[in-house]
Structure formats: C-alpha cells, structure tokens
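By written order: A, B, C and D. Residues from 1 in each chain.
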Amino acid sequence: MEETRTGVAAVTRELSGPEAAAFAESAVPGSVARTTDTACYLKPGRLVAALDALKNSREADLVHLTNLCGVDFWDHFEVVYHVQSFDKNQIALFKVEVSDREKPSVPSVVPVFHGAWMQENETYDLFGIRFEGHPNLYRILLWEGYPGWPLRKDFLSMPGGLQPGLGDFAGTTPRSEPTVKVVK
Amino acid sequence: MTGAIKSEPFVINIGPQHPSTHGVFRIRATVDGEKVIDAEMVMGYLHRSMEKLAEERTYTQNIPFTDRTDYLSSMSNNLGYCLAVEKLAGIEVPARGNAIRVIMAELQRLASHCMAIGAFANDTGAWQTPVMWAFREREKILDIFEVTSGARLTCNYMRIGGVAFDLRTPFEPMVRQVLADLPPFIDEMENLLSGNEIFISRTRGIGVLSPEMATNASLSGPMLRGSGIAWDLRKADPYCGYEQYDFAIPIGYRGDSYDRFIVRLEEMRQSVKIVRQALDGLPTGPFRTEVPLALRPPSGEAYARIESPRGELGYYLVSDGGPSPFRFHIRPPSFINLSALKEMTVGGTVADAIVVLGSVDLVVGEIDR
Amino acid sequence: MDGFGVTFAFWVLAAITLISASGVMYSRNLFHAVLFLILTFIGVAGFFVLLSAEFIAMAQVIIYVGAIAVLVLFAVLLTPRASRDNAETRMALPGALLAVCLAAVFLFVIHDTGWKTTAEPPAISTSDLGNALLEIWVLPFLLASVLLTAALIGAIMLTRSAEEEAEDALL
Amino acid sequence: MMPFLASDKWYDLRDLSNISREILEGADRVLPFGIVYVLAALLGFVASFLIFVLPSQLFVGVYGERKLIGRIQSRYGPNRVGPFGLLQPIADAIKLIQKEALTPTRSDRVVMYIAPLFFVAPAVLLFAVIPFGPNMIFADVPVSLMYFLAISSLPVLANFMAGWSANNKYSLFGAIRIVAMTISYETPLVMSLLGAVVIAGTLNLQGMVLWADEYKIWLGFVTPLALVIYFICVSAELNRTPTDIAEAESEIVAGYLTEYSGMKWGLFYGMDIGYAIAASAFAVTVFLGGWTLFGLEQWVPPWLIFIGKTHLFYMLFIWTRGTLPRLRSDQLMAFAWKFLLPLALFNLFIVATERMIWAEEGYPDAYVYLFAMFNILVSILLLFFWADFNGYKPGDTPTRPRLVKEPRGYVPVEEQL
C-alpha cells in the first residue's frame, strides 16, 4: 500500500470483519457477537460502549459515523454502522442484529455520535426500530400515525404471491392496488 | 439591573413556502424577539419512498431514481449508484468511461456550486445579481449535458460499467469554452462577494461549527472542509481514477458560513483544473463494459461513496442474488448535514438562520428522497 | 389673513382634533387609540400653521408624530395583553377630577389674559426663535438637554440584560 | 430676483410658472372669490405629481429600474410589452388592478384598508415644497426643509399600520423592524441636513438652491460627508436594498406587505418608488444645486435640469440595489448609532466652526471653495479613520481558503501550509 507524506493510506482501508472485531474486542471486551468477512456484529448491550471506546482509541480513531441504516432480512433486522477515521483513513462496518419484529429496539448512539440523530430518526420512521436513549425520536419523513413501517419487507402484501425483491420483472404481472398492512 | 425586560417567545414557521428554504423544507423556529431560541426541522413534504421503490426495480432501472434525489447534481448521484453496483458485482470500468465520468461529475459539481453560491448570496440579500450571474454559467454546463445525455437536469447518463453514450461532436469545444469562462466568473464572484464588507459581516462568525462538532455530527463535504478538516473522498478514497489528477483540498479557517462559501468557490477552481486535465488526457477505447440488462450480482453487500457537491454521497446496497436490490440505501449528504442545523441557528437571529440554511446548501429532493 | 378660508380651516381642524381626541378615549383597541392620538397631533399642528407658526407646526409633526407616536406604537406592540384591550380602568374617577381641574385652570388663564390684537401678524422668523433659544433662554435650553440625556442613559441602563453587563465588565 | 429669464410670456417653456399664472389670473377674473385657490391646488398637484412623479415612477422607477437591474444581472429586463417593453409598467398596473385584494379573516380590516391610503397621501404632499425652477414651487413655505422632514416621517406609520393589522408574524416582524430602523436613521439624517442648513443659512429649499447658484458651488461639495450620510440614511428609510430589512424577501418573506395583494400592494410598491423619487429630488435640491447647472439653466429649461438630476440620483439607488447584500437588522441599527451619528455630529461641528469663521470674515466667496476642499479632504480621512476605529479591517478576512494536498483530519489554523 502506497504511503504518503503524512503516513495516511492513499486509499481508504476497509477494515475486514475480524480486524474491526479485534479493535472492538480490545476496546470493550466481550462486545463482539460474531464476525463475517466484511462486518463485525456487536452485541446490542455493548454497542454504545464499544463505539464510544473506538471513537476515543488512538489506533482505531473511528470518529466519524458516516452511515447508519437498517436492513430487513424478513426474520430479523440489522442496523448497519459505517464508522470511519480521518487521520488513519480507514472505515469499519459494524452491525447489530435485532430479532424482535414486534418491538425492535436498539440502543441509540446519539450520545456518542450526534450525527446519528437524523439517521436514527429516519430508520425509526421507515423500519419502526426504536432507538432507546434517543433524545427526540419521531417520524421525521412521514407523519405521526402513518400506518406501518414502509421499508419493512412485509409492508406490501401483493397478490399472486409476488414478493418484494422482484421474482419477476416489474410490470409483467398484472397488479391490483397494494393493500397497506398495519404492523403493530 | 436585574429586572431586564422579558418578552414572550413565539413560534414562527420558516417554510414550507418561504423564499429561502430552497424547496419545501420547514423550520419551526421559536423566537424571542428576533433571536432564535429553538429550531425544529420539519421535512418529508417531498418524500417519495425511493428506497422502497428501488427494491421493486432492476439495478439498471434504478438509475433514473438517483437523478431525482439530488436534482441539482444528477450526474454525481448516477455515478455513486453505479459505483456501488459495480463494487457489488465486481465490474471494471474502461479508462475512457472513467475519464468521461470524472469530467461529468466535475462539471456537475461546477453547476451545483454555481447554484449554491448564487442562492447563498441571495439569502444574504444580494438581490438576484449573483444568482443571475451564476445561472449564466450554469446554463452553459447544462447545455453540455444536453448535448451529451439529451437532458439538462435529470441526465440519467451513467450506466453500470461506464456511461450511456460516447461523447458527441461539439462536446470538447463546449467544455473548453466553459473552462475559459469559469475562472473569470469565479474571480468576479470573489470580487463581488468575498471582499464585500456587508457580505462578510453577514456571514463571518455566523453558524460556526467547531471541527469536533462537525466530525461528531457526521457532516461531510464543504461543511466539513469549512471547519478545517481536510477530508475529500476524491483524495482519501479515490474512485474513477481521481488519483491521476492534480488538485488540492480547500479548507476553511473557523467553520462559519463565510468559510463554507469560500471553500465552495475554491472547489470550483479545483474542479476546473480537474476537468482540464481529464479532457487533455482523455483516453480512447471503449466507454462501457457490457453488462447484462438484468444484472444479478452475487448476494452480499457493498457501500460505495463519492464526493458529491454536497458531501459524502453513499449508496449501501444489499443483494440477495436477485435482479433487484434487496436493500437500497442512500446516504444523502444534505440530509445528514442538517444534523448540526439546530446548533448553528440557535442563538442567532432569524436573518442568521436563513444565512446558515443557505450555507448548508440543501436540496430538498435529497433530504426527503 | 382673516377670511372665510381661515375660519373654515379652523372649524375643520377643531372638529378633527376633538373627534380624534375623544376617539383616543373611547376606542376599545389600544392600537386604534394611538392612531387617533396621531390624528390629534396632526390637527394641533394644523392649528399652529393657522397661527403662522410654521416652525412649531413642523416640529410638532416631526417630534410628536414622527417620533413619540411611533415609540408609543412600539410600546403598545411590546405589551401583549394591552395591544388588544383598552379596558375599563379604575382611574376613571381621578382622571375625570384631573380633567375638571385642568379645564378650570385653563378657563381661568384664558379669562385672565389680556388678549391684545394687532392689525398685522407678528413677524417672528425661525432665526428669531433660534436666537431666543440660544441667547436669552440658553440656560433652560441646556438644562432641558441635560435632562433628556440623563433620561436616555437611564433608559439604556434599564433595558440592559445581565449578559450585556457582563460583557461590558470584561472591557 | 430672476434677471436671467428672457421673458415672462406664457409660451416661454423655460419657466412653466408663467403659464400657470396666466391660467390662474384668467380664472380669477371669471370665478368667484376663493375657487381659484382650489384650482391652484389642483394645478399644482397635476403639475408636480401627475406630470413629474407618476411618469417618473412608471418609466424610471419601474421600467428603468427593471431594465437597469436586468443589465446589471446580465439579462434583458422587460422587452415584450410595447416597444422595448416600455408599456410594461402600465401592463403591471392593469394586472394589479384586476387582481383580488385579499384581506385575512383575523386581520384588522379597517386599519388594513386605511394603511395604503395613509401611505400615499404624504408622498403627494412631499412634492409641494420641491422647487422645480426659479418660480416653479407650489408652496413656498419658509421652513420647507422642516416640512419635508415632517411629512417624510409619516409613511412609517402607514407601514406600521400595514404590518400590525395583517395579523401575520412576518408582517409584525417587518413592522417592528421598520419602526426601529426609521427611528434610528432619522437622527443621523437630520444631523447631516443640519450641516447643510448651517452653511446655507436657511431652512428654505429654494433658498438653498439660490445659495448654490450664488456661490457657484453645490452644497454637496461643501459638506460631502453630509451628502454621504444623507444617501445612506435615506436609502435605509426608503427600504432600498442594502438596508431593506423591513421587507427582506429572503428572511421575512415580504415584511409588512406579506398579506397585501392586488392594488393595495400596488399602492405600497408604487409609492415606495414615489418616496425614492422625492428623496432624490430633495437631495438634488439641497446638495446638488437643484435646478441650476452653472449657467446652463439660462438656455435649457431649469425644470428639465432638475428632472434629469433627480433621475440620475435615483440611478444610485438602483445601482446599490443591484450590487449589495443586505445588512442584518442589529448591524444596521449599530451602523446608524455607532458609525453615522458620530460622523454626522462631527460634520456638524466642522461646518459650524467654518460658518463662524466665514461670518467673522464677512462672507467672502473664496472661503467657500477653501472650505469645500478642506471638507472633502477631511471627509475622506475621517471616513477611513472612523471605519478603521470601528473595526473595518479588510485585510483580516481571508478571501481564499487554505489548500492542502493530502487528506487528513483537522488542520489547525496556526499550521503553515
């Protein structure tokens, strides 16, 4: 890897799952649930502590929460955190799994990263994942009382067994009006 | 004197229909006299649920959606999305395609910054003159887009694996003309605004963001650089061969609205430089790697990000191996740049809040998506 | 000078002044009351013009209409309750009493003054006025100025907030 | 008094007062006593307002302003209605007249209706004392300068009525701002005019023009600081762009005019221009020699000279409007009280001293030119010194950002690059 004058990598280093896990484990022991090649899954209970420690640690230096979003995998949710460092020029991918579909809840990282304020609100608005400890969690894009959470996979139930994710090309199957299913 | 005169705070709505909110964005400001003591952002008037819609369409069909998020920089949005898909599917882009992408993205940055500085000057009260001057230059760039892609605003020009068409005949002279016209225009704007005492007193020290605050609030782009943080993804994480070009990252001093303005002006100069280099060294060869129309990337995830005119534009894609993305998430820069809006506006007057809002350079299509 | 026009103007001005003055009292809306007060001032300025005292008339308009009435409007605006409601006041009886006393004094003065009439209007120019103020009556003039300055400084002191005082203490 | 006038025949266009005198004398012979005064008032109104102000408003204020600002902004301006777009103001007026004038439900209807009328009346009254020529003055009040100031302090009340009655928070903001601004700027304005009055030794506008004619120098050269302060203050009072905080479009939508529409709004808009023309006419009369032009008024009709000067002065307002951003309200107030007022007081002090010296020496002509040169020099020095003292340090603000080649985190300001 080419090194420049300030000792910063010329291309952002994407930390692999084990690397990120090593950072997290050294910062807050017992915070890692499991790792994959690209991502490090943190335990929800230790999430805030781990991110806070990584933000303040010198070698990880993950100061900038770039991206926060939710993903619905039908049976569980994942909340994705892309955290990066300016001085070290590296980016790490942390994830938190939420298996409770009825009352999904994740601790909020707003105390650590103020930038999570908007993104957690958005994730709450579109997925219904509550972020415990968020100072002002409200539906930022839709209005209060909107039925359901649009980005959940079971939001639309389409006739003919057409599942979201396009089993077929859009428009080839005749469609009727999508019914909105309220997810409590 | 302890018994200073107390007045009752009241709430005013800045927006959704207000001349300075650049679209249907609304601030519920609680003011005490003219001093803002609380500011609450209300958005979603333009929400189209693009992330859900994208899950129903193929990867190629999603490109026009990205035009319509940040409608002032559609080329950059196309580019970010295509990079994410290419990263997901492992597609290489030929050299000529990359160079065309760089030229287009930088021209788009010029056009978008023209709009940003013009609208910002308008917010400070310079009655229409900077806007008109900026639009004069922006029109020329949009003409280039029209020649190349057939559209001016929502270009839909980038494709997965390259660009849609090769460059058309009058492209190069038109770009050369723009490159000749822009530096005098930038100097003109600098003379008109940067050295203007009224402009300085309106923007200097207004909406100050400390570097710690800017980092912590996940800001990006000129907002981050205005605070003195040298972070530009074109340098830090080069894509499309940005590492070949010689340019610099402009950074501000104090992180106030004025710094964000001069950073944008200087970025325009650097963009002119990049376009000139890219145009001089435009390689020949194919402009696109052929990819199947119904692309089915392997299951997995990819997060690709570019430096859009407003900051870090990221696309997070999750694929389940099907023809459409399982999860399509946009990291919209102007949405997240609003994180620090309350901190910047509270304590100033209503007029300052407008200036701060102008310096954020928000595009409501991108905020609401 | 004396003619139909002047007499007519006098009665019209008198009607305007009196009607708007009663409007000040009877208007339920404090804002309207202030607007009536302005009309009264303008009527009084008209009287000064009729008396060939243009300078006083213009000063009346500048000071009372242009400055004082505007300040009163400002005060009305900054008092949230009173801006809508010129309510009944318990001071009605003392007010009436004061008015009767004032009227008595004025009637006495009017009756007691020996009104001399001359054929031609007295030629008092603006420069005479200026000379009188700055030569004969210079001491009262200066005293009034000092009083006004003191009032100005006092007003500034009253409205300063604690933060501003802290800022000034640093300087 | 006017030896240079060739004749007093009615057809002598250099002095339109001849023709009006002919008309009035003729009418006086026919009509019963008293009616001729009403006729004179109407004639004065027609002459000064309908012939001068209204066309100026339409073709300089609306058309010229839009055309000139269009040129400043590198666009064409109106060019569709009529030849060169000349009929655009008339088309605008027709459009405004047929628009519905909405009144909000919770507004104070009576006050909201009266406010435009109350705004128009002073604009008409202002032109009564403006001298258009040697004998062309409608009401020669001895204290016409005071009269002008008195009448021009009235429209702010109309603005306030408009802002208050609409029951809209933006309107209220505009009303508060315009009142605060007018009170602040009235003070340096009057102080600066006092300097001119002291030199000319009269409160009569015609007297000031005659003074300029006698000494062959404009008062603006003798008291240049007063002219500058007057221009700044009057553009603040008129709500022209560098200081248009009361209807700041980008901040409080349209200020006190937010809820107005149709011709009620049109009256405000038109009379804003009317006041600007009045202010230009006043400035020309006091500072720029009125209808005199160094002897040229013998040949060219003086009223044409006056109108030309007024319109040229009005171009200054358009120019600043097309160029400058707007100050914040508190900065504007601070500018009036902390910058302009001391300057105006100092100017008054200098001018009064000079007047004393001049009177001691028995009013010799040469002293005026000496004073003019001295005052111009002192004004420039004073402006720079006082601006510097108040913290105007243009070199302190960097116009270019720092440039770095490598990406990294925070770069401290102290670090040399």
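In this section, a residue touches a chain if its C-beta (ideal position, glycine included) is under 8 Å from a C-beta of that chain, and two chains touch if they have at least 3 such contacts.
For clarity, every value in this text was computed on a predicted model and none was experimentally measured.
For the interfaces A-D and C-D, the C-beta contact count is higher for C-D. Seen from the Cα centre of chain D, the chain whose own Cα centre is farthest off is A.
Averaging C-alpha coordinates per chain places the centre of chain B 59 Å away from that of chain C. With centres taken as mean Cα positions, chain D sits 28 Å from chain C. Chain A and chain C have Cα centroids lying 70 Å from one another.
Within chain D, the positions touching two or more other chains are listed as 406-410. Contacts with at least two other chains are made by residues 215, 229, 231, 236 of chain B. For chain A, residues that reach two or more other chains under the stated contact definition are 8, 63, 86, 89.
Remark: chain B residues 10, 12, 18-20, 34, 121-129, 132-133, 136, 190, 192-202, 204, 211, 215, 225, 227-232, 235-236, 248-254, 258-259, 262-263, 266, 349-352, 354 touch chain D in the complex.
Listed in rising order, the residues of chain A touching chain D in the complex are 4-6, 8, 63, 86-87, 89.
For chain D in complex with chain B, the residues that touch the partner chain are 69, 72-75, 169-170, 173, 241-242, 244-245, 248-253, 321-331, 392, 394, 397-413.
Touching chain C in their complex are the following residues of chain D: 34, 37, 108, 111, 141-143, 146-147, 149-151, 153-154, 156-157, 160-161, 164, 172, 175-176, 179-180, 182-183, 186, 203. Against chain A, the residues of chain B that register as touching in their complex are 43-44, 47, 49, 51-52, 55-58, 61, 213, 215-220, 229, 231, 233, 236-238, 243, 294, 300-301, 303, 305, 312, 314, 316, 318, 320, 322-324, 326-327, 329, 331, 335-336, 338-340, 368-369.
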